[in-house]
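Per-chain numbering from 1; labels A, B, C and D assigned in written order.
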């Protein structure tokens, strides 16, 4: 997953991009980057591995002048965690500097790349975004807008893009609308960002969310509507609401916090726990769900697990060194809340199951009499092809085990998954949803295995 | 404030100290350090400015061998944030390497220091802990235990200490017991730590908390009881429960989470808000208090503020650069929860009032109809002399303004502070409490102005 | 100026490249980089700003496995000192990973780049080397060899190249032979390097120097001769011998040390200093010249200036801070040698004249009675278009002032420049020479102003 | 060996100290540090491992305000290369901040330290300098001057000290005068430094060298003469002239360059090489000696070895990795000068012999017909107890082997050591000399094995 931002018509635009990325940090911690376009038309970039605040020093930001900027923050994915894949990608081409920040995943990038390579194109990364760069640069259309449009007509999959060509910024969402993008007004300027929380932090007010297929140009702070892309059946990613987006954001027209409380309510209706003493969340992602569960079930809400918020930074692997579960670094139980009780633990979803298993052991160790796990989404049965870094099917416990087997593996007394219908009820009727990872109903063809073929071999840029 | 840890009789003791400090990170983010004593009797130290995981690299830890270790994490205090003040302090003296980790503050260090300096002692820091080092080294008593005891008889104030002399570790709490210390068993070894959450993370089980005046020696994993220090009237710091300790810890015999929920319940009884639509906390420190408030008041609990947990790392001062309130970097409101509602905001305490004022503006900006602020402790009217870095009286809004003036300054509809009696009821009858910062009832003489006199001039060790 | 190296058929080839670059450090201190091609056919790269030993850490080298490697070290040039311009350039294309290390400068790169851009090519640097990358990738020829040949037929100028395509390494020198390249044998492998001193350090023995137009392929340690490029009138850069190359190298068939001694001898014949007491060099570049001067003139050789070899690393600009001449950081006079004497100072060449002016003041300050400056090359009257970073004509004191004016400006009693004929006599009859910067006789058309036109606008990659 | 500097009465004195240390870098590359005393009387310090320019960043220097400063640069010594031993040492004591920079070695520090420890003193380093700190602080004398004097009366050995107490700087040389110190005038201020080259760089003019036993105070730029220390038989270190000092310095009243040329002349007289073709130095330390040798012998001077001046920074151990001699990283022969010739190689001294053996192999590999090694000092037969880091007697090839055995070991045709008398003739009659490492005539009692006893166990401060 990734976060993107674009800024036009704001002095020191890179600082706005920085703050916006800071608010979008939860969408990607692997790498971050900002491109700024100066009044001289030159683009300047800083990219690096790590968090936004690690990569973008005051010195770096000071070198990124101009009123136009785009930014990107990228999630850690196995195997290709290299600087060459950090975004925004920046090149010079016919119409000047071209920079791209991409959230999503193309499913036909491999075939296009093979054609481009045969025609003499060079690649420096293993990302599908570079395919877009070449398609735009090679387009014979007369304007950047027409070049981008031609390139996007050639690709299939999920893409929410912020693209700068010179001082023009293009913002576009694919025809199915997998990933969110919202426009905001900031003084005389305009900001496009993955979530409203980024607009909040920079002090911008929402103009509107981009709908599937929307294509706009931001110039000197103005929003120019361009002819939309070919619209496809809408497929908003429901996992954005279940897990990915920040609860203080409004995404796809829905308050994320509202949806999560409703997920908890639906869960309480579908899987009540008669006789439970307390309910608590696995903080912070399922806080709102536990609230909703308590609301409907009447079970008393408590804080049974405390999260250590310094956790992202430890380097010790305590499993090996000290034979304590890794989960202990992140969570600690509140004995007073748990001891002797029948507890309901609410979590948003279950991927591999290993963390949850550790949590359950920890909760039992704190003296719980009964442990009932409630998950606010259905079993995950397949990978995401549209930008979320789920593991392969074989690692997905929901794809390989029955609910009863999972219950036994986790060591809980009862286990309840929210149904697909329940999840979609909570998500709301405003949108049509992509729920492929839960249902197997993929809205596009299978990807052409971009990552595994020959030319995709990454050029590993070892950091010095 | 500071966190301390001591480990004896555990292989790779420095790794245990590291993990323990990691769990105690909330007690001090300014500097961190570990001393380990090898089988060869030599002490090795790593200290530095910053978080535990920044200071203590794998390389550094690898150099800290041995089954005995002590560690320290220190809170940022104005004016003396320099490496020279980082702990543990480590010197060589008559009985070999001597290291000290100190939580608390001495009130007669200045007078002693002046006497020591007149006698030819040298100082390299501005901390009162160095006074203890000299008192121990200069004691003519025949054993380290007797030297430490003699030194402690000379000082007055708050001290929870972990001291190593060679491979012996001494743990001691002053006769009033301001600061917590707990002993745990880890395999064949023993661990002393500021809070139980550190024992939880390293996998140790609680043996017992040290009572005021308790003095023990840890050798080869054994706990040896030593004759206690002169006992004074017990003065446990109530602010540890209100704010400082982690909610998953048990401190002074009380579950911190339990106390905080009860603080919220007392608050709801003393300052109800008839007609309120929702109650929410300022996360995370007052989460349990909001839960208690909702429980007693029946007002619906929601999450009205979302905290950005990456916040500690930003370098931009957005106030200056972008004229957005600093508080925005840390918190964002959930519009859907707040808009059009009468909201109760629960916070633990109020120091200067500036952050709360920003929060209230943010909540009003999200559309709140009414804002009612409830504080789960009384007005802070004086500084702490026992180790908490409160500002001077002039900066404490509770010392200089009436409650009505504070209400007007913050811009809330109503403001309610929990009473001293209510706070102590929630804290429980098991202990006698120091509540000097709320009540002015200081249990010791005033400090002799350690920090302001001539010889205290710190030797500023500029980091290269 | 730059240094290049290529290694084939040697285990841990990147370590050889590292050592070789270390010996070639004098050819470029701005940036350094190594690409290694593993047995898996994947290329891995490390590039960075700074010295070889700063950029290439043990960790970085450890990640550069394989028996094939190329490396590059780049000189600091004004305005484009950015990471994006560091070499080797590395991309993936039809035949796998393609890496290029380039010493020299193309004079028609701008025109080609404009054509490539019009055809949809993208550029990420402002260097002319990237033009070569595209020409190779876009060539429709069936093999890498044929693609490289086609690309080189299209360009004009100075290029000594080491190119890897997969595990094949191509080494080639343009048809005029401006820059040196030498092949050496190392065990079962082969090494190509800019100078013999690199072969010496890695323990390789010289096979032969590449002649103008020579084109070879190194595979599995074998040298395969390919059909040469179109040969042009030979134009070996005489400045390599005068200044650039290391004295322990053999370049263009000549011992650099031997040539420099002969330059000093010619200088003594052309510009004797009757009555001089001592002669000394400006160390270290003119040491051999002073030796030759003393030899012919009979004037006593001494060491009148001592060079501080830590100088490269200071950050203080003492001129501003302390009003001492910058030259003092680098050189200090030996008073005992100079005081009361008539001294001859031998230097290799004169560019702007500012350093020499400072040196002369320093020598006079040490008590010299007379100062006679002798330069072992003619006045520099024009820029180099073939890879040496001379300033513009306006900054060249030899282009804008008469010898007498220069003498007065420097404040010396007499000034003598070696004649063009004298310089070429010392350089020897074996080669035809490029002496364009001295004589204005440029062997190619003027460059098409690559750096100044629109598409060359560098994408400044600010380091984080 | 170490370099020291003191500055008084110069604005931004730390910048002067920085530049001075930069010029003294050859006297110690292990660690560097500066203490500055501000107008507020506070001392601020920066110390670190590495070169002056690595340790002292612009940021660090900017924090070191005030017109008084002392600095130190320390040589790498086996076993105690730790930050805790970096100087200047800085403490607070009765008269304010006390800082010490020490060049030399005490021989009775161990006995004193044991007494101090028994009396309750604490130590944080394993250096003998800390003993001086305690002696000064514990002195009951009424003034800093009297305290320093009392402390120095208690110690025996070699010490050239720059000490600051508040804004007063004391400079003192022990009664035998082992190590140099020179005073200079800089505007209204005064500078004390180990060598004149430091005065040259900062733009100061020499006032006078301190004689053995001299004791002065520098205040507000004035030099105040204090009663001298007890004078002992003068024992100037002859090795300063042979090897340690920079050739552009004047040390002990002698031009270092002049002495070295005379050492070469004496050597040519004592050990001529009839029939030799060329003579060259091992650069740069023996350059002047080769010049003197050529002058007297009439053998032609050439440059047979080129030194890579980037050498200090490599991290690769090529011996292990690549089986090339380590000496190759540092030196490369000039084949044209050497091949087929009978060569005289002049070096300053021979310690272990390993580097010279490698050099000889390299010279033979370059084709020398005969190799004659000439050393401009006698065989080193014992360690230095006065501050030079010579290895133990067992590692000194001159202590364990005859000249003929050494000749055979090195593989040279002839080997000639300068005689003690010859060396002293060149050093000149102005001084009496310490030549203990050559002659065994130690001017003090043997050291009391400071480094090996119990309390000297260093507190290893592992760098984070």
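Note that contacts are C-beta pairs under 8 Å (C-beta built on N, C-alpha and C of every residue); 3 or more make two chains touch, one makes a residue touch a chain.
Everything numeric in this text was worked out from a predicted model, so none of it was measured.
Asks: In terms of touching chains, how many steps apart are chain B and chain C, taking the shortest path?
Replies: The distance in steps between these two chains is 2.
Asks: On a CA-centroid basis, which chain has its centre farthest from chain B's?
Replies: The chain farthest from chain B, judged by C-alpha centres, is C.
Asks: Approximately how many whole Å separate the CA-defined centres of chain A and chain D?
Replies: Those two chain centres are 60 Å apart.
Asks: Between chain C and chain D, what distance separates the C-alpha centroids? Give it in angstrom.
Replies: Chain centres of chain C and chain D, defined by C-alpha means, are spaced 36 Å apart.
Asks: Counting in whole Å, what is the centre-to-centre distance of chain B and chain D, each centre being its mean C-alpha position?
Replies: 49
Asks: Specify, in ascending order, the residues of chain D that touch 2 or more different other chains.
Replies: 57
Asks: According to the definition already given, which pairs of chains are in contact?
Replies: Per the contact definition above, the touching pairs are A-B, A-C, B-D, C-D.
Asks: Given the complex with chain A, which residues does chain C contribute to the contact?
Replies: Residues of chain C touching chain A: 41-48, 55-57, 60, 63-64, 90-94, 96-98, 117-124, 133-134, 137-140, 455, 457-464.
Asks: Note which residues of chain C are touching chain D in the complex, please.
Replies: Going by the criterion above, the answer is residues 12, 15-16, 18-19, 22-23, 25, 51-54, 57-58, 61, 197, 200-203, 246-248, 250, 255, 257-258, 261, 284, 287-288, 291, 295, 300-303, 306, 308-310, 313-316, 318, 321-324, 328-329, 332-337.
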